[in-house]
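Just dropping this structure here.
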Amino acid sequence: MSEVLDEIRKDYLFNLVRKGRRIDGRAFKDFRELRVKTNVISKAEGSAWVELGQTEVLVGVKLQPGEPYPDTPDKGVMITNAELVPLASPTFEPGPPDENGIELARVVDRGIRESGAIDLEKLCIEEGEKVWIIFIDVHVLNHDGNLMDASALGAIASLMTAKIPCERYGLGDDEPLPVRDSPVSVTAVDIAGEILIDPNLYEESAASCRLTVISNADGSISAMQKGGIGGLSPEKTKDAVKMCVESAKEIRDKVLRGLKPT
Amino acid sequence: MSSEIKLIREDGRRLDGRLPDELRPIKIEVGVLKRADGSCYFELGKNKVIAAVYGPRELHPRHAQDARRAVVRFRYNMAPFSVEERRRPGPDRRSVEISKVSREALEPVIITEYYPRAAIDIFVEVLESDAGTRTAGINAASVALADAGIPMKGLVSAVAVGKIDGQIVLDLTSEEDQHGEMDMPVAMVTRTNTITLLQMDGRVTMEEFEKALDLAVAGCRRIYELQRKALIEKYSESRTEEIP
Amino acid sequence: MYKIVVPGDFLSTDIRRAGEGTYVENGKVYALRYGILDDKDEIRVVPLSGRYIPKRGDVVIGRVEDIMYPYWVFDIASPYKGLLHVSEFPAKVEYGTMDRFLRIDDLAIVKVVNVDPMMRVELKLVEEFRPPLHGGRLIEVPHTKIPRIIGRNGSMIKILKEEGRCFIFVAKNGRIWIRGNERNVDLVAEIIMKIAEKAHTSGLTDRVTQYLRAARGGKNVVRNKAH
């Protein structure tokens, strides 16, 4: 997800980081200012508008009855998609999702799926015939770095506030979506040998590598993804993962606590 | 995702008889494709993959060129018959993601600056799959890159670790992956002690993750030795035919 | 005996001797390529494979691939094209008449005079060889095998020329131009391809001499199987 950054600017960033500073004055472990507004799209069963500094992502969740997968006849289905629409960045192009969009969607999906946050068994309407299908659609509106965390946060916030539209399909009263965990994605980058949390676009472009860690309320980890053409030593990887899990706790307390359908 | 099936036997061994920290049998052959600049056939248990490297070669279209370095491209592809149920040919979302992370696992060792405006193309074909194809593909590709004469800081070695029946184990089979609690593919450059691929899904504690990472690092080191040996053997005197 | 190394192999702590095919990190010399270790004076790794990358001073055989005034664009068996400017030609070449001098697919022996950081390759003609090359046969081997075809101090190429009774021009980019009578050209081409295949074995020169003599002796007439 990096964009071409000229060497001069890269040098500047590196020098800054070596002095223990960041371009926008944050500490290495700090997130940018974070705002999450839920229920912003009334046509969607759940939605969240996430602002992470200048990065803006809108996530919508839709539910509709459909057929289960043959190997899980008693479970609901979850499908995640991400669109990097051209309005969000001069480097995004119209057309089917490229590898960045696909990676984004798959990592967001994995975090939620593997945490077991959604009790898919409760989404079975008629075994082998009809189950609820959850569509999570990530719409990136402004790309100023760290789309991964903003999108994952938007997804879980949308799900936590989503209702199952039973009434619309003649299946009784609407119910809240059974959400039992709150996975939070935190991304770190390595710049000049330092680990920085929540990179903005410049930092992301200058970084040699990126590590996304999605962790749950009990501190367990449910997904990880390294990106970028660099690497980390095993020791540094462990440090970065710890920082990410710590950071996730703060984010969870700050923006997810108490979220429920209205 | 707890398992109904016991994956570790009473004697502490896994269903295929391996110990928790044991790899499946590995077979490596270097230079198996005549047309490619470099190639490698890699077997990991029942996984069979083949990697080819073409390049550095001219990159078209021109606007895709980078004036400062070579562009590395990676294509992971599964043969339709490589899995239980026939796979529809062509790229799907999974293979697009695997291609991306695999490229990012290998690119850190390639000296791309030597070849401005050119392309280095890496193709991995999965002929048979039994969990661990992306790591097998990276192992094969790394050897194929060396075989193609591409300047590299070191070889990249990869293996997956996982959690089954509550235990951290090395190199999951498809059965273990399916019924297990966690899967974590890792690639590393042994020479520089750098992790260049890390993915994980499942649910583990921080302690379990750290243990898993250590086990993966140990596994990568063993695979590295086998990759190195295969490359050296390609040119061993004993294997060379007489002239003419 | 030779020693094969792979990328990342530790070679030495004597970083002053680090040569081609190696890199230095934290006071240590490592192999950058898969190849044969040459640890005589400099520490070098001689690659066993890889495409030809033009270097200033290399003499190569090029094939005209395109004509774009004022350049002939040469394929030089490399990821990069070579450019020959009209002014390099020993005649006045007007716009629109370039193909009277060198046409698409013509071969020429050219010298690399400059390679810029973006790998734009400038060529000039080699005086002794008026382009295009006429007659003879062009064969192509991996450029990494060229040193072996030349041999130590030119020993191999000398044998090939004398015993094979052909004119042979060996270019850096793996292209070899052979001229002589048909039978001799066949024989030399075949033996060169064989050398290319076994370039990493030792004692080759002796075996090549024996082979050529046997073939010339008529007992063991070799038919041209290749190409």
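Letters A, B and C name the chains as they come in the text, with residue numbers starting at 1 for each one.
As a convention for this text, a contact is a pair of C-beta atoms (placed from the backbone, for glycine too) under 8 Å apart; a residue touches a chain by one contact, two chains touch by 3 or more.
Nothing here was measured: the structure is a model prediction, and the numbers come from that model.
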| item | value |
| --- | --- |
| Centre-most chain, if every chain is reduced to its averaged C-alpha atoms | B |
| Label of the chain whose CA centroid is most distant from the centroid of subunit A | C |
| Centroid spacing, where centroids are CA-atom means, of subunit B and subunit C in whole angstrom | 34 |
| Cα-centroid distance, subunit A relative to subunit B, in whole angstrom | 27 |
| Length of the line joining the C-alpha centres of subunit A and subunit C, rounded to whole Å | 54 |
| Sites on subunit B at which at least two other chains make contact | 189, 192 |
| Residue numbers on subunit C that touch subunit B, as the complex places them | 4, 6-9, 21, 23, 25, 30, 32-35, 47-51, 53, 79-81, 117-119, 144, 191, 194-195, 198, 200-202, 204, 207-208, 211 |
| Subunit A - residues contacting subunit B, complex | 99-100, 102-103, 105-106, 110, 113-116, 208, 211, 216, 219-234, 237-238, 241-242, 245 |
| Subunit A-facing residues of subunit B, complex | 1, 93-94, 96-97, 99-101, 103-104, 107-108, 184, 188-189, 192-206, 209-210, 213-214, 217 |
| Subunit B - residues contacting subunit C, complex | 37-38, 55-58, 67, 109, 111, 114-118, 146-155, 189-192, 227-228, 231-232, 235-237, 240-244 |
